[in-house]
Amino acid sequence: MRSRRFLGIERLTVMNNIFENVTLGKNVVIEPFCIIGQPPKGFSEGDLETVIGADSLIRSHTVIYAGNKIGSRFQTGHQVTIRENNIIGSDCAIGTYGELAFDIKIGNNVKFHSDCHIYEGTLVEDDVRFNPGVFVLNAKYPYRPGQKTRIEPVVIRRGAIIAARCTLMPGVQIGRCAFIGAGSLVTKSVPDFAVVYGRPAAIRGDIRTLKDSSGTLLYEVKE
Amino acid sequence: MRSRRFLGIERLTVMNNIFENVTLGKNVVIEPFCIIGQPPKGFSEGDLETVIGADSLIRSHTVIYAGNKIGSRFQTGHQVTIRENNIIGSDCAIGTYGELAFDIKIGNNVKFHSDCHIYEGTLVEDDVRFNPGVFVLNAKYPYRPGQKTRIEPVVIRRGAIIAARCTLMPGVQIGRCAFIGAGSLVTKSVPDFAVVYGRPAAIRGDIRTLKDSSGTLLYEVKE
Amino acid sequence: MRSRRFLGIERLTVMNNIFENVTLGKNVVIEPFCIIGQPPKGFSEGDLETVIGADSLIRSHTVIYAGNKIGSRFQTGHQVTIRENNIIGSDCAIGTYGELAFDIKIGNNVKFHSDCHIYEGTLVEDDVRFNPGVFVLNAKYPYRPGQKTRIEPVVIRRGAIIAARCTLMPGVQIGRCAFIGAGSLVTKSVPDFAVVYGRPAAIRGDIRTLKDSSGTLLYEVKE
């Protein structure tokens, strides 16, 4: 049996790589084997500021590039990767194996369960929930010439719930408080409050009237 | 060319974080960049015992929380994450990028290929096999108020085979020695010995009579 | 705020584990927390040579086993895992969370976006593109007795494009410059130049005549 402590600040500075121009709010905890503020391609260390708000918890093996502005009480799971130039509000969480590409905007109180992969340009409003294994795409014709300047980002309106293993195709808008059932392939925009599922996802109901088997309303939706 | 050794015990203790109250059986090897016995939320270091049985191999970058009881000859791939309070039998393996949440019970001789994500409360009996990319869910209505106390765990009976990229929806039971074909979305319980596939998965045959193109029985099923 | 540099060579040798018999070309950069040249099961350190060509960039937390021969200008994302005995050409990239098993052959100028999982025996010709979340399988009847000697590897001909979250079933051949739409389950071989999608994937067009809504050809295909 071997046994050791690692949460002393001294051990943290040995076990992590924190670049210059990283501003950590009060009480930020960074677990071992993380990299914070790594310069993206074409930039040098310190060129871009990285901000992580107070009371955040960055779990082990997480990589956060430079140029991210992240609010308070942020949490990552383990092994998370966040590329450059994202804006993330307060009270957000990105679960284990989660991946954010770049130029993404995320509101307040947005939670990603594990293994979600969100690609560049995506806009996520407040209070959105992602179950595990969701992919949010942006390239309708991947690898065509000039594709990088023609991305079609997804927009997810506030309060939407995206169940496990959904794929949101490029350019779709997910309406306010919409519910996307597990395993769906969303190829068209989804109206506010709609319950959709399937491949392709089709409208099956309205979240404001969704009931369990005993007839109780499942979600309390504020309109 | 740079070249260095790391498997000496001295290097291991430098490269890993092993918390207090971790009991490792004889001949356990822990590769670099692992964290073993991390206290879950609400617990302090040492509060919960972590046991990993003899002759286990924990590959690099793996995180195992406190409160796990794991049998002998356990193996992880790389970058595996195992949260708290799971009970795992002997001769089990969890492949690279595998994720176990918490309160999961796994029997003996259960193998998960890479990138399997198993959520809280799941029960897996002996001799079950998972191909890569399987998700086992527990929340039929994710993020509804009070959801955390209403999970509907999946039960997988002994000897079942779950092919690649299946999604097992909350509350389903997978019967003994059942076979779930690749890419299936399993929305209903599956009888013993059934061969099912599709989205939703439907019964297509019986594993006891499943033959290859030359007419040879594919699996030897003990009833 | 804590702030530190890590890209000096001295720091790199502290932060990585590079085994014996690893040959790195000129200007190879290895970010922290990587393991390069790890001996596979049954081999000792140094038994198998590992070669990574000039100007390659191995991003953090990547594991590369011994016995890989990798060309110049190779790039990995973060947290990539590459097992033993693969042959990878020049100008290839494997994105974050990418997994290569063993005995895989990959031509020149092949790009895998993040979270692609490629299993043993796969053959990928030059100029192939993979969007995120693609699985390439090899076991039609996983875990049947003797399965390990009966794999049916996938072959992907040059210039093919595999969109996000596709699953290529064992033994299929993907034709030259074929296009596989997002989320497809490919159960049969795909002819050269075909555009296919769906579950199972079916032929929907020809990439040589694929146009956007304004009538412009989307891809420039060299026959």
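Every chain is named by a letter (A, B and C) in the order it is written, and numbering of its residues begins at 1.
Here, a contact is a pair of C-beta atoms (placed from the backbone, for glycine too) under 8 Å apart; a residue touches a chain by one contact, two chains touch by 3 or more.
Given the structure is predicted, the values throughout are model-derived calculations rather than measurements.
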| item | value |
| --- | --- |
| Each chain counted as touching chain A and chain B at once | C |
| Numbering shared by both copies at the chain C-chain A contact, with half separating same from different | different |
| Rotation, 0 to 180 degrees and nearest 5, that superposes chain B on copy chain C via CA atoms | 120 |
| Centre-to-centre distance between chain C and chain A (centres being mean Cα positions), rounded to whole Å | 25 |
| Multi-chain contact residues (two or more partners), chain B | 33, 61, 79, 97, 199 |
| Touching residues (chain side chain C, partner chain A) in the complex | 1-7, 15, 31-33, 60-61, 77-79, 96-97, 114-115, 129, 131-133, 161, 163-165, 182-183, 199, 210, 212, 218-220 |
| Complex interface listing, chain B residues touching chain A | 12-13, 17-24, 33, 35, 37-38, 45, 61, 63, 79, 81, 97, 99, 117, 119, 135, 137, 139, 141-145, 167, 169, 185, 199 |
